[in-house]
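Right, I'll just put the structure down here and ask away after.
Per-chain residue numbering starts at 1, and chain names A, B, C, D, E and F are given in the order in which the chains are listed.
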Amino acid sequence: MSDKTIEFIEKGRRLDGRKLDELRPIKIEVGVLKRANGSCYMESGGNKVMAAVYGPREVHPRRMEDATKAIVRCRYNMASFSVEDRKRPGPDRRSVEISKVSREAIEPIIIKEHFPRSAIDIFIEILQADAGTRTAGINAASVALADAGIPMRGLVSACATGKVGGHIVLDLMKEEDNYGEADVPIAMDVQNDKVTLLQMDGRLTQDEFKQALELARKGCKEIYEMQRQALIAKYTV
Amino acid sequence: MSEDIISEIKKDYICALVEKGEREDGRAFDQYRDISIENGVVNKAEGSAYVKIGGTKVLVGIKIQPGEPFPDTQDKGVIITNVELSPLASPTFEDGAPREDAIELARVVDRGIRESGALELSKLCIEEGVKVWMVFIDVQVIDYDGNLIDAASLGAISALLDAKLPNERYELGKDVPVLVSDLPVAVTAVKIGEKFILDPNLDEEQAASTKLTVISNKDGGLAGMQKSGADTLSPDEIYHIVEMACKTAKDMRKKFLE
Amino acid sequence: MSEDIISEIKKDYICALVEKGEREDGRAFDQYRDISIENGVVNKAEGSAYVKIGGTKVLVGIKIQPGEPFPDTQDKGVIITNVELSPLASPTFEDGAPREDAIELARVVDRGIRESGALELSKLCIEEGVKVWMVFIDVQVIDYDGNLIDAASLGAISALLDAKLPNERYELGKDVPVLVSDLPVAVTAVKIGEKFILDPNLDEEQAASTKLTVISNKDGGLAGMQKSGADTLSPDEIYHIVEMACKTAKDMRKKFLE
Amino acid sequence: MSDKTIEFIEKGRRLDGRKLDELRPIKIEVGVLKRANGSCYMESGGNKVMAAVYGPREVHPRRMEDATKAIVRCRYNMASFSVEDRKRPGPDRRSVEISKVSREAIEPIIIKEHFPRSAIDIFIEILQADAGTRTAGINAASVALADAGIPMRGLVSACATGKVGGHIVLDLMKEEDNYGEADVPIAMDVQNDKVTLLQMDGRLTQDEFKQALELARKGCKEIYEMQRQALIAKYTV
Amino acid sequence: MSDKTIEFIEKGRRLDGRKLDELRPIKIEVGVLKRANGSCYMESGGNKVMAAVYGPREVHPRRMEDATKAIVRCRYNMASFSVEDRKRPGPDRRSVEISKVSREAIEPIIIKEHFPRSAIDIFIEILQADAGTRTAGINAASVALADAGIPMRGLVSACATGKVGGHIVLDLMKEEDNYGEADVPIAMDVQNDKVTLLQMDGRLTQDEFKQALELARKGCKEIYEMQRQALIAKYTV
Amino acid sequence: MSEDIISEIKKDYICALVEKGEREDGRAFDQYRDISIENGVVNKAEGSAYVKIGGTKVLVGIKIQPGEPFPDTQDKGVIITNVELSPLASPTFEDGAPREDAIELARVVDRGIRESGALELSKLCIEEGVKVWMVFIDVQVIDYDGNLIDAASLGAISALLDAKLPNERYELGKDVPVLVSDLPVAVTAVKIGEKFILDPNLDEEQAASTKLTVISNKDGGLAGMQKSGADTLSPDEIYHIVEMACKTAKDMRKKFLE
């Protein structure tokens, strides 16, 4: 978040021509990988994300297993070439945190009790990054879980809202993320109107935050619809 | 945290209490345990704060040293926040690589300081593109009895208020206090059953299904949030917590930071 | 790779097929699965290639940045090749330190590019002794269904053909394509029973006792070899593989790189 | 150890006014931590040290356990902000060595046979460092063990002696440690007059070494008395 | 491989006076270590190599064991002082690859079925390096295995050939390795005329490669004879 | 060192022998096993020594390279000592991160060289504040049959006596011998029952309850000590060991270093 002067909004349109409450274009492909039990490739603006699910499968190391339910693990990773300056391979502090909050964003909708002593592993690879990779990853992972046939209470849909040039906008692009005033990534179980991921960076009044959350609700609903359509298209004969 | 998992009986007991509007230690839902802060406890550090919230104790030390700026912020100082979950503080903290808990904790504390504007990074530039102040915020967890994040955040801002730029040591003039422009305070609520309580102690933290930390500024606005834990929150629950947190933060700020 | 170990029955079946001159998927012994290459798929990379060989998929990204030359090659650019066996790509790829497989794979891909003369390192010098181009060849394995090495090698040279020197970004003039002087192609044969087949899929790879990768250049000469696996090869078997590999590489080069 | 010219001793007094055989002020607090089974906070000159003891408890990993007695483990650590130049978190070679010799200094007085297949874990955190942290850590750990109710044959008491400006002195302060001629950290089971830790850096004649060891004996006795008093104060109604 | 102009071959002789198909002097000592089950010290030109074999012994960690045969492990390591510029201790990517190909070069001749659920560990230390360390290591390891009494189908013998100044030569020395046109390390089970290690760096025509392989065959035979003599000398009364 | 734990019977036997004034291999209590030192064995190293004490073998190599001085000792060279417990040397040495034994060993050897004044660090300055000699003392343990510390220490000083400053390689003039100003020798005693013996072999080391290493200089003074192991020593026992060690060191110095 910085104070660099950019005219983010002109005549109700953003730098890329979007309206304030408009998502970037989204493309979803289901079941694209051979080895994984479930997978999803998703593009969202300039983000390109691959998610894969393995499981339910045996837990290694054994001492991590839970006798009453499946454990869920998640690894968010950025490919070295996904960002402007090459990223060193391997986890850094940022990706460890995102792996954790992504897992916690997804876990509530998984019916873990069906698979005691087993693991459900979610892998998210960011192949090209353009602001909003964590929410894109959660969206893809949610579809990949469905593709893997993991029993779920619904889907998780995620997007970021934020404050840019004084306005609350949906789905921040790179410049808005870098130079905007606040960034609020949110994930929801849309069918039950429940928030599963909530983070906030930057500065907002309480009122602005409410607006941001309401806008995210709208965005998540739209994404949910696209996720559902992609799954239907895949699984309808 | 396997060893920290409390018995189902204890958990049920806490949930039943909360359901009835009560807490183990008799506190109101929005009431903190006793808080104390002691500054200037580490003379090798440029600033320090020893914070106790009930049984939870953290020691925050600020070290300030000259270093190179990042290539894309040549005229700004650097903040580096680290949390050590010393095995001294809990039977479940093990030696070794920092766990995701420690990393999340450090990053939330860091964002609170950074995003609130508490430190003006441009004031920490010594020579543009060449030398800036590196501000290390090191949180040493000494005793873990729940709600680390509020203790660590409070310790961080309090230690910064206590800190001096060590100009003399580097022949840059006289030592001056670090300029602190805002006073972010983190307040954490946890969900137990369908209720929300502030400042959970360890047992309550174990019994909770999820938590939400809200960091707010002097002007009452928000400077950061972090949901943690694998349960959901409705939008209304979130608004409720935000309101409760901002109000409580105001009291804490007045009492301990102003 | 314990979980990848196919059942003895499956293995016997594949061996019996090969013994009869057949393959599971109907291919001739020297026939590859369908190959496709897509370039320019990662806009943050200076060059990229998404390669599919049957069910195997790799994404290769080239990042090019200025850096310091090595002390003993002051006037030469630097190539750094890395392979990530993402756990996304196989149930047997685990998170953590790179395994010896990933390291061997990266080093063979690297030697193919380096020893073939595909990149003229002296053309990658910006200022002798001070600044040269660092060319990072990062291979991300996306789906592992056998014969990674041929896919990774093909992706590496294809991504280099797609790559530009980012002169503008570093105020060094206009972007220009990376000069690629040769087109090394890796072809891998595995030994099943006493027979040799090219481009093994995962099951065939598991059933094989050893493998030999042969990297050849535009002029039909050899630019690298690597035997891998704990079985032996007679000199005549090696000559047979080399011949088969060079011929196949020529076809692949014409079809995908020229 | 360096040859920098400092007048360490003038009229029998040291830089901080102490006599040659005088300890720096010591402050001991017993049982200060909630979670640990035993704990001790100690100040000794400018050193501030916290020690905690956990155990007897289960051994992880299991293959380390001993069927006949408890195993003792010790971790000495310096907080990043405890020294002039910030220390990178995590163990370095120095702290690994000190952890080892501290453990071996403490182990002889623990009656390990009482707790087969279990572990006694000692954690020492240096919060502020001012020469003599290892001996301060051992002193605190010894009290923390008693506070944890671990059966012991006695207490371990430790201090350093050294040679400074040609004199053998007790309990080196920072300047004496940096620019003195020799440093001899010693730990003793005072009641049995046995040495449990002995290291020496720098140069001493055999005679000087004897003087140094005798002086340490005196210092350890004084510290023992203070440790004992602190424990009595804590546990007397 | 570089294009630096050196006159490698003059009047059929190389920089060190060797003929094109001549090995550097080799010295083999069998059973030189006390603790290892088998060991071999070998000098080959300027290379000084120690190899040790431990096993068959229990497998740790247990999950690596094979119920039907012994597992073979191999660690190739260069001492910090073995090369011109000090090498940082510990494995790097090069040594990980060489450890793998060395293991695979040796494994085919070991009769692993004799020792189910056990491990045979091979350790190779390069004490002084002078081009051809991997083949020297394999030669030494092969003798150490025999010295350890591990049942084998034969011996593995290894050497490099390469192209230097337009000629195919045997057993590259440092300058030939650095500035020559190609390098082909090869290991063979000489008695059965089978190749167990084959790598190639640089550029060769198919014909040149055949010449190189034939020359390596000759070199391996000579080395095999020396290995055999060393073992006979050791084990003949 | 679990596998190294000798049987209780063996241990009792050794203790009983020592009690009677005898040792397994017939040595007197203060008698070393045969010692041999070979210098100049590694031509890539600036100095080297291959030391055998009975069955124990260590190879010490000295590498000397220019580098930057530490900020607080701008006019002094740098000594870096490292010990590798190669898995070649013992069934109990595993691959991986250095164990506390290796670290302690390296640090004691290092202090012996450093504190004795054997190397005058100010003579290792090339250009104050800019460039100094970095002296790497690398101890490779080849065969572990007890008393590593004496072997490693002896190897370190002997290799330094063998070492040259590689001035020519860095265009700083002619190579000259490294100036060695003192000859520290480490002598280690172990306690078995109530007795003390020097130079324990592996079995004796296993049977011992604690050990004390005493490093002494040419002038007979002490230059370092390290007690190791979880048993106690009385002051008188310590004085006894010190005396025995200094006397023995004098003989070893005369025989192997002067």
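Simple rule for what comes next: contacts are C-beta pairs under 8 Å (C-beta built on N, C-alpha and C of every residue); 3 or more make two chains touch, one makes a residue touch a chain.
Since we're looking at a predicted model, the values are computed, not measured.
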- Which neighbours does chain B have in common with chain D? none
- Note on the structure: Common contacts of chain B and chain E, by label, are none
- Task: Using residue numbers, check each pair in C-E, E-F or A-B against B-D and return the one sharing over half of the contact pairs.
- Result: E-F
- Item | Farthest-lying chain, centroid of Cα atoms versus that of chain C | D
- Query: Using the average of all C-alpha atoms in each chain as its centre, how far is it in Å between chain C and chain F?
  - Reply: 48
- For the pair chain D and chain F, the C-alpha centroid-to-centroid distance in angstrom is 26
- Gap in Å, rounded to a whole number, between the CA centres of chain E and chain A: 51
- Multi-chain touching residues of chain C, meaning two or more other chains, are none
- Each of the following residues of chain D touches two or more other chains, namely none
- Does the chain-touch network form a line, ring, star, complete graph or other? ring
- In ring order, beginning with chain A and continuing through chain C, the chains are A, C, E, F, D, B
- Query: What residues of chain D sit close enough to touch chain F in their complex?
  - Reply: 1, 72, 93-94, 96-97, 99-101, 103-104, 107-108, 184, 189, 192-206, 209-210, 213-214, 217
- Item | Complex interface listing, chain C residues touching chain A | 41-45, 48, 55, 57, 59, 61-63, 65, 82, 84, 86-91, 95, 136, 138, 140, 142-145
- What part of chain F is in contact with chain D in the complex they form? 100, 103-104, 106-107, 111, 115-117, 210, 212, 217, 220-235, 238-239, 242-243, 246
- Using the touch rule from the top, collect the residues of chain A that touch chain C in their complex. 33-36, 39, 46, 48, 50-52, 54, 57, 75, 77, 79-86, 89, 121, 123, 125, 127-129
